[in-house]
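Take a look at these structures.
Both of the next two complexes hold chain A, though its partner changes from chain B to chain C.
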Partner chain A sequence: MRSEFIRIYKSVHTWTGIVAGMALFIAFYAGAITLFKEPLARWATPPSATHGTAVPLDQAPNLIAQTLRDHPAAAKDFRLHLKAAEHLPSGLAWQVLEAGADDHDHSSARHFVATLDTGGVARVEAAHPSRLAEFIDTLHRVVGLPVDTDPNRWIMGIIAALYAVALVSGVIVLLPSLVKDLFALRVGRNLKRMWLDAHNVVGIVSLPFHVVMALTAVVFAYHDGFYFIQDKLIHDGKWATAFSSGGAPAKAPPRDPAAMRPPAELLASAQDFSPSFQATSLQYLNVTGPRAAVRVWGHDPTAHSPRFVGGFVAIDPYSGKIMNVDFLPGRQSLPNAIVSSFFALHFGTFGGTPVQWMYFLLGLAGAWLFYSGNLLWVETRRIKAARDDDGSHYPPAQRRDARWMAAATVGICLGAVCGISLTIVAAKWLHGRVDDLNAWHQVLYYAVFFGALAWAFGIGAARAAIHLLRLAAVFTFAIPLTSLLAWLLPSLGMWTHGSAATLGVDATALAGGLGFVWLARATTRRAMQGSTDSVWSIRREKS
Partner chain B sequence: MNTAKPKAIAHDWFSKTLAGTLLGFTLSIGCAGLFNALAGDMPLGVRGQLAMWLTAPVWKGALSGVYFFRDGKRAWAWLGGANLLVFGLLAALRLG
Partner chain C sequence: MDRNVILGLLLAAAGCASVYLASPNQRWRVAPWPAWPARAAGALLLAAGLIVLLQVLRPAAGSFVFVHWLMLLLVLFPYLGALRGARQGTG
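This part shows the complex of A and B:
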């Protein structure tokens, strides 16, 4: 390949990377945490009488009948949870969306739960589920912006497009020297060489993961637009008909939900159809209408799942007949299984917990990849002290763009890290002490994020990196410490769940805190002992 | 050493990027249309989803590769030609 192309693609890689890198850092760091969204939601949910146990299946028909009689609005879409977990209601749950809300944005929804009391009478209460895990997921989906709306997804789509181009161009630049460079991690005095080697090896080794993420992110951002255009141009406007079953009459007398088969029977139908399927919940849709359906959601350990929360088989609740298996893991047609694999590859919903941990580590490695890319950008623009400098001169001043980029990188990346840890801690400390905890999660995150950014620009990247890494360690250690304190001092009004999933959150945060301590120490060492002709040095004396 | 120095490659950042973005996108829609026409046995619901998923790799592939063209004009010409070919095939398939 002509070296000119390499130079051109080096420019492409540099500029797409530098524009998208920091947004992608947030997406990957928050995305890695989002893999454990459920454990985090459980960790953040206070103990309650209406949550944490599963309603016995034989009592479910009674609960459903009473709930639909008193709350007909629930008939459109409600869910029966089969598993017990801290954040799952002991019965039915449904939500009422605000009119006109974006269909990806559930932040304004009102939640209700119905449970049976000891006398077998249904009690309906408004629920206020913690949106902590959802908020972190949103940060990941729209690169650090607060809500998942159309304009924000457009921004995310542009970042994803730049990311895709950065990936291809990075590979093109590396190709000619790939064999020579791949297994070479030249640890030594040439720090830039070492960072570049590390950046290359992480990038190449996790390339398949990144290709998946870049392409799926483009689709997640723009699928509405793609479908709209393709409907006009290649489906002749028939796209909407692909998902309507047609046949059923539009006007039909409302059906009596009491005539539905009991949940145990619907579950048995699902189990008969797919013995390896493990059901977790039943989603009842339009049960009084002509197109009533129950989606039996769950996982299949032998197959990949089409959605983050699993897959489903749709069953007619009145006849018990299987209606649709397009989303049933392991039982899909080949084309449906291929489409589902794109989702599964993004979400890591194949191979169970080991793959989730692998994705978690790949996500963190991705965040590091973007961080190291920015460091290389800064390093390339470094002004070195003259070679014949005998130590009698002050180190040369560094370029302003390099200083600002270093400050932005440190402020944005570590600001997001600190903000996420603090907002997790707040789930326990602020519960019951503030009116709108979910708004506080956002306020705290952005206060820390912008505070960190201002701090980094105020005192410079070298000092801010040390401070913010220490702050990240403190906030992250506060996650398990809060749980420990809540357990030791119940009078504080906080809680510590004993489930493995929630203790796993504490253990992971403990490990994360130790990681930040280590990074803070390494950063301090570099600032104090590294070369003085660098934006990362805080030594003022002559070198 | 080759003394006949090859002609320099024009950067044409704006022209090439625009060609990759616009013509790459139309090309991706055309390829999705071709897939849709050729996979006619598949039910529309899943065929349309696969066609939609085809858009991103073709579009981003074209946008990523566009800087290999010697100059912006060639980028527009080649990608324009590819578009004509794909949409021409699509029209032929529909008529035929």
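This part shows the complex of A and C:
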């Protein structure tokens, strides 16, 4: 390929990467944590009488009948969880969305839980689930913005499109040396070469992962628009009715939920249909209406799931007949399985826990890909010192754009890391001490994030990187230390759950804290002992 | 975790290691393994790993697991080599 083309693609790669890189760092770091959204939600949920145990299936029909008699609005959409976990209600759960709220933004939803007391009477209470895991997921979905709304998703879509362009142009730039430099990671005095290798190893080897992430993110951002165009062009604007089965007339008399098949029978129907399917919850939809359905949600450990929370088989709760298997893992038609595979490849919903860990590490590697891209940009613009006759030199002033880019990279990326760790810690420390803990999660995250950014610009990237890595270590260590303190001193009013999932959160944070300590030490060494003609040095004397 | 999944992942990991060690850019050993024998062994191990995974997982899920495992390992191996080289001062 002609070198002028390579230069053009290199320029495209550089600028698309620079524009999108820091937002993508946040998306990937938060996304890696979101892989363990459920353990994090369990970790952040205080012990409660209405959560943590599963209602016995033989008691569920009584609970459903009583709840719908007293709270008919719940009939539209309620859920019966089959597994016991700290964050799951011991009965029925439903939520009421605020009028006009965005489909994807559940931050204003009111939650309710119905449980049976010892006398078999249904009790309904308002629930206030921790939105910590949801907030970190939002940071992932809209590249660090606070709420998942249409405009924020469009911004995310632009970032994802730039990411796709950066991937394609980056591969084209690398083509001439792809085979020769495959797996090369040359650590030495040539820092530009080292950062280039460190960047390329991740970018090339995990390219399929990144291509899928970029393309699916664009689709997620603009799916409403795609559906609108598809509706106009293919369905003549009749999308809403295109897939309805006709069924009973809309004005049929309300049906009696007491006549529904018991949950155990519905589960048996699902199990008969797909023996490898493992149900986790039953979602009842419009059960008093003519098109009542129960979605039996769960996973199939041998197959990929179409959604982050798994897949489902839809069953008629009155007849027990299977209504729809379009979203049932392992039993989908080929076209549905192909579409689902894109969701599964974005969410990592296949292969169980090992794949969650693979995605977690590939997500962190992705965050490093964007961080190292910025390091490379800065290194490329480094002004090297001219040697005096005796071989010594005074460090020259570095370019302002390189200093600012270094400060922005450090401030934004490490600010997000510090903010996420602190907001996780706050789930236990602030519980019961503030009125709106979910708002505090946002306040703390953005206070740390913008504080870190201001600090990086205020004192320079070299010093800020050391400080912020140390701060990240402190905040991340605080996650398991908080659990330890809660266990040792119950009077603090915090809690420590003993489940493997929640202890796994503490163990992972401990490992993360050690990682930040190691990075802080390496960064300090580089700042103190490395070449002085660099934005990463804090020495200014003649060397 | 299913034993066959563990076996499949281990076979694939051995295959990745073999392919990496055959590369002139590997940093685990002083000299790379002989290219073609190591690459052939790597290919066989990778094929065996994929076959074992497909015994317990459906085709799409099995191949997705396989590909992501390969990507993760082949990203990690050069970094482990660089870390080892840096500690030994061999760059």
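Following the convention adopted for this analysis, the second predicted complex is superposed on the first by the 532 of 543 C-alpha atoms of A that agree within 3 Å, B and C clash if a C-alpha of one lies under 4 Å from a C-alpha of the other, contacts with A are read in each partner's own complex, and residues count from 1 in each chain.
Convention: a contact is a pair of C-beta atoms (placed from the backbone, for glycine too) under 8 Å apart; a residue touches a chain by one contact, two chains touch by 3 or more.
Nothing here was measured: the structure is a model prediction, and the numbers come from that model.
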Partner chain in contact with A:229 - chain B first, chain C second, else both or neither: first
First, second, both or neither for A:258, with chain B first and chain C second: neither
First (chain B), second (chain C), both or neither touched by A:514: neither
Residue numbers on chain A that touch chain C, as the complex places them: 181-188, 197-198, 201-202, 205-206, 208-209, 301-304, 330, 337, 341, 344-345, 348, 350-355, 358-359, 361-362, 365
For the chain A and chain B complex, residues of the former touching the latter: 2, 4-5, 8-9, 11-12, 161, 164-165, 167-169, 214-216, 218-219, 222-223, 226-227, 229-230, 233-235, 238-239, 241-243, 326, 333, 335-336, 338-339, 342
Contact footprint of chain A on chain B as seen in their complex: 6, 8-9, 11, 29, 32-33, 36-37, 42-53, 55-57, 59-61, 63-65, 67-68, 90
Residue numbers on chain C that touch chain A, as the complex places them: 1-2, 5, 9, 20, 23, 25-27, 56-58, 60-61, 64-65, 67-69, 71-72, 74-79, 81-82, 85-86, 91
